[in-house]
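In the two complexes below, chain A is the common chain; its partner is chain B in one and chain C in the other.
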Partner chain A sequence: MDVLGNYKSVISARAADKDIQKKAQDGGIVTTLFAYALEEGIIDGAIVAGPSDEPWKPEPMVVTTKAELLAAAGTRYTISPNLQLIKEATRSYGLDRVGIVGTPCQVQATRKAQLYPIGMRDVDDKIALVLGIYCMENLSYQALEAIVEDHCNQKMESVKKMDIGKGKFTVYTERGAVSQMPLKYIHKYVQPGCHVCLDYVANLADISTGSVGSPDGWSTVFVRSNKGNAVWDGAMAAGLFETKDMEGVKPGLDLVKKLATEKITKNQKHVDERKSFGLKADGTPKALRNPYETP
Partner chain B sequence: MELKEEKPVADKITIGELHLSGCTGCLVTLADNYEGLFKLLDDYADLVYALTLVDVRHVPEMDVCLVEGSCCLNDEISVEELKEARAKSAVLVAYGACAAYGNITRFCRGGQWNQPGQEAFVPISEVVDVDLYLPSCPPCPQAIRNIAVMAYLLLKGNDEQKALATAYLTPLMQLAQRGNEACGCDLMYDVINQGLCMGCGTCAGTCPVRAITMEYGKPNVNRDLCIKCGACYSQCPRSWFNFDVMNNYEGIIDAINGAMK
Partner chain C sequence: MSKVVEISPTTRHEGHSKLVLKVNDEGIIERGDWLSITPVRGVEKLALGKTMEQVPKIASRVCGICPIAHTLAATEAMEASIGCEIPEDAKLLRYILQCANRLHSHAIHNILSLPDMYIPGTETKINPFTKEEPVRSVALRIQRLREIGQTVGEIVGGEAIHPSNPRVGGMYMNITPRAKAKIYDLAKEARVLAQEQMEFMIAVFNDFQNRDYVEVGGAQVPVPDDLGYHDQGYMATAPMYGSSSLDDNPTWYPERFTEVRPWDWYMGEMEVSEEDPNYPIGGTTAVGTKTWPQMQACTGVPLYDGQPVEVGPRARLVQFRNYDKKGAMGLQIARQMELPDCAYGMIEACEALNTSGKVVADNIPQGDGSLGWAANEAPRGTDVHLAQVRDGRLEYFSLLVPTTWNFPTCSRALTGAPWRLAEVIMRAYDPCVSCATHMLVVDEDKRIVAQKLIQ
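The block that comes next holds the complex of A and B.
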């Protein structure tokens, strides 16, 4: 499979809805698609990264209305274990058609839950729409705190928006301050599990999206599966997105491909290095566990 | 007049269920496919042996034997029947967590009415070789459905279908080689300690007894609640992830749905 995965079309897009544009991280693609899918009955709820008691710490949440969706919009650069609710959404919440958004690893987990539903009773056919977001690597909450409070010298609770782009981690505060950390310092904070990830643009999602490749305020959207295609066509017909031809936008698809290749090459090297990590008594290499080979 | 069952499809595989020390939840799970079970039995498999569902008293020859429950070493009949099932089946499946890992029967210490002498319960792989594991307590109807369809394709399909079924079943066969001890602790030993956990939340979502919570992005196992069913680890995308199968998820889901129509 190509580093960008299988896809039917790739488009640069943003939400036509001004409310969503204001709340969204970039183009408001996930919020708009879930709002549309809720409206049309394609899903009757979605698992998203909602707010929690601590500032910028996401908590997985099942939303069933557009207002709840908007309250959860925007990116938090730390883990929201959304899969935690995938069975629960079909039980306590009684959903028959579940939407879920996740990073590439979470989309992989969702597909594994569908193909090998070992502990996921009556879940596989209730997963109605899987949206993926591009992900280079992720941070624990404590790592995010260290970046915001130590490196950027801002209180977590005073931050209005966080953003990664153009080689910088940027923090915008409520009072208008802008603090930055060069991304090269992020490495020691990345959670180890991310170094074996071989997917950048959520290859197994129905639709995946992220800011990379499109101008500020726009997102690059890959429409991948038949299901994703039907939802995208419906949302387009309803006039929910402004779009630009991917060929015409800067920096364009080449940048997405470049970053995907970089991530996968670097992490494949890490996976390979784990194979000869240690040393056996007979002088041959001793391997760490490789999830891509055996359980 | 003698009633004979119509056999619209001649080339079915034969499946049986051997019931050892389990709660019958695994057998009920098979039936929880509802009309899907009829479809499986109409087109793909003959159920030749199963408690209450089939009137056969003695373990017959079969292609696939699903073994439910752990094996009580103090019960001669269990041991004999398990060995007989191994000898008479081409593929022996540890169906559910008791057969695979001992599960809740791991905690048995004997002294129970009305067989106080029965206290030694082991995963079936302590007694016989096992080809394939299907963990969790209970297993999922959709998982046994998928395995039944794949087993059919493996034994009766064309070359392409055989290749797909082999790729699909391989990790479950590898799981049987991995060992017969399971616990929420596997998430520590084989995922977090190995630098592989990325905090997706699957383990917490899958645990049948809600023993796992996500604390600051990583699973935290309440080890007193854990029943040792193996669901968390086998469902974890970092226990195994086979791209050759997963990348084709859309085609496989369509194929299984098509087979069940």
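The block that comes next holds the complex of A and C.
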């Protein structure tokens, strides 16, 4: 199995816009692409993980302007159920062309909704741009709180930025403190559902992106579909991105491939383990449901 | 000596019904019975004991053509029973929803009635599915009107079929300014299309009425001047929306309503004694077949002031606009005249709507078992829901739906028409039969009727 999925091209890129660079997690790819698509009318609104009442707890929101988009920029390392709004976006929000960003599992769900639009009447044809972000595993909000407040010993409210990279979970506070936790401690907090996921780089998205493989402040971008290609070419022609050839950057595509293989191998093992999980009354293995096989 | 003709099932409308006609030697109907033979839905019984939030969702499922009307009527019946006043903006959203439903429903009925009609000034019957002009552009216009109605229903109601947004106490959420602008644009487009469509359809219906003969299944049938005339009254509660027992001046009166069973109303057992194998879509029922309307009908017969009444577009126009055209074509034309009103209704409600206003009532009482009713002017007429809610749960529920009112009225309107045009008269009522079917087993008296039906 090709761990990186099908793609037309892979590039290392970052937003040319300084405002976006400042606010974004890494290269500002999603923010820039959505801003471009909004301006060009490719989408008339996007579902993103916006801020909520609680610090660092994302809440899905529909944005229709660049200003709203910038307010939502940056990664929060906990779940934002963006698909919750996919139907409402076409209803009371009145959108005809919806953009959505999500983790690989959310991208899979979006594609499934398009393939079998049960309960999704008139939604499937209104999904105009699907952006995916790399995801190794995800945390619940309570887990994130425990990591930041207990392991890193910082208050959630005073955190300015969180980052995962180089084997560490790093927290930067507004007053300048930097606190770190080795990533190996994260495992007990990971959602159980993440252990059966065999997708690291959002294989089904139009464009998928993440920091892995590129230098700090840059992102690795996979352009996958024809639609994604058209949007990417348009954004490039408008001069919205600075790019580097993937061959020339460190650590390069090999790291993406390595992490993807790691995730998939590890999770495939877990999927296999589930085959013999539990016992039936007659003593034979019961097996948990395998999401990759039809029952 | 009169003969008996049976057209079963009748076609090009929602649901399952049939016509049993006593005709004279000239083929003129002496007495006609139009009756529902759709199996019972049982919605009124299913809803008993459920929480009041569930009931409108259940009521909606009675039919997919006007789920919006049933949702709104049931929601408001609950609100009437518990005594809950909803915010103004929620009312406006429901009003937009109502207009959207009517726009879509009236437009789809055009497709169903057009095959009876001729292109004005020619001898060509209209096939709505042909690629030839002028029919193709009319069909496209109809579909666009339906699309607009359904899209607006989706935006405001959350779902075009079985809207999810209306709730007891108002609406779940308001719409965004962007959605409001979209509705406004769509309504503006529909306004022009509806006007054109209305003018075309009125020309078509007038052309039909003015013909000496029309062709039905190979036979030349004379068109009487009084096609579909009846002397029954009209019942309507509002030009567009409806009324409920919470209103200051309710426009429907439960005390004027009575109901008889089909056993006491329809004709007894008969044998079909005339048939026409060339009648469209499979011919009429074969000679010698037994037919028994009073046994087979599965609707109640609702009366208003002791008489059957007509509900629907003409009833609304007669009550509120001094409309006076009688007959089947008069009803059809009245329906077309409502098309532009739907678009205007959406535009006006949109202008009045405050998208940041609240749409749920602050206080939603749980009900003390008092009777509340709500009448919604569904596309086909007054849809009355009666309900009693106690402590948040439904104790009593009854639906008096438009086509139930129209069954006995239309049966009277058949008299005097050639039997081959009976379906044309029936279709003028835009029948929607499935919701008109009632549960019969309620009390001692009515249980006997049910037993007779089972035998």
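FYI, the second predicted complex is superposed on the first by the 288 of 295 C-alpha atoms of A that agree within 3 Å, B and C clash if a C-alpha of one lies under 4 Å from a C-alpha of the other, contacts with A are read in each partner's own complex, and residues count from 1 in each chain.
In this text, a contact is a pair of C-beta atoms (placed from the backbone, for glycine too) under 8 Å apart; a residue touches a chain by one contact, two chains touch by 3 or more.
Computed from a predicted model, the values in this text were never measured in an experiment.
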Chain B versus chain C as contact partner of A:Lys112, first or second or both or neither: first
Contacts of A:Pro81 with chain B and chain C, given as first, second, both or neither: first
Partner chain(s) touched by A:Asp122 [first = chain B, second = chain C, both, neither]: both
Partner chain in contact with A:Thr90 - chain B first, chain C second, else both or neither: second
Greater residue coverage of chain A in the superposed arrangement, chain B or chain C: B
First (chain B), second (chain C), both or neither touched by A:Val196: first
Partner chain(s) touched by A:Thr64 [first = chain B, second = chain C, both, neither]: second
Touched partner set for A:Ser211, first chain B, second chain C, both or neither: neither
Doubly contacted chain A residues - partners chain C and chain B: 87-88, 121-122
Complex interface listing, chain A residues touching chain C: 44-45, 64, 87-88, 90-96, 121-122
Residue numbers on chain B that touch chain A, as the complex places them: 134-136, 138-143, 146, 168, 171-172, 174-175, 177-178, 190, 194-202, 204-208, 214, 216-218, 229, 231-243, 245-247, 249-250, 252-253
Chain A - residues contacting chain B, complex: 1, 6, 60, 78-88, 102-103, 105-106, 108-109, 111-125, 138, 140-142, 191-198, 203-204, 225-226, 288-289, 291-295
Chain A partner contacts - residues on chain C that touch it in the complex: 151, 154-156, 158-161, 165, 173-176, 178-183
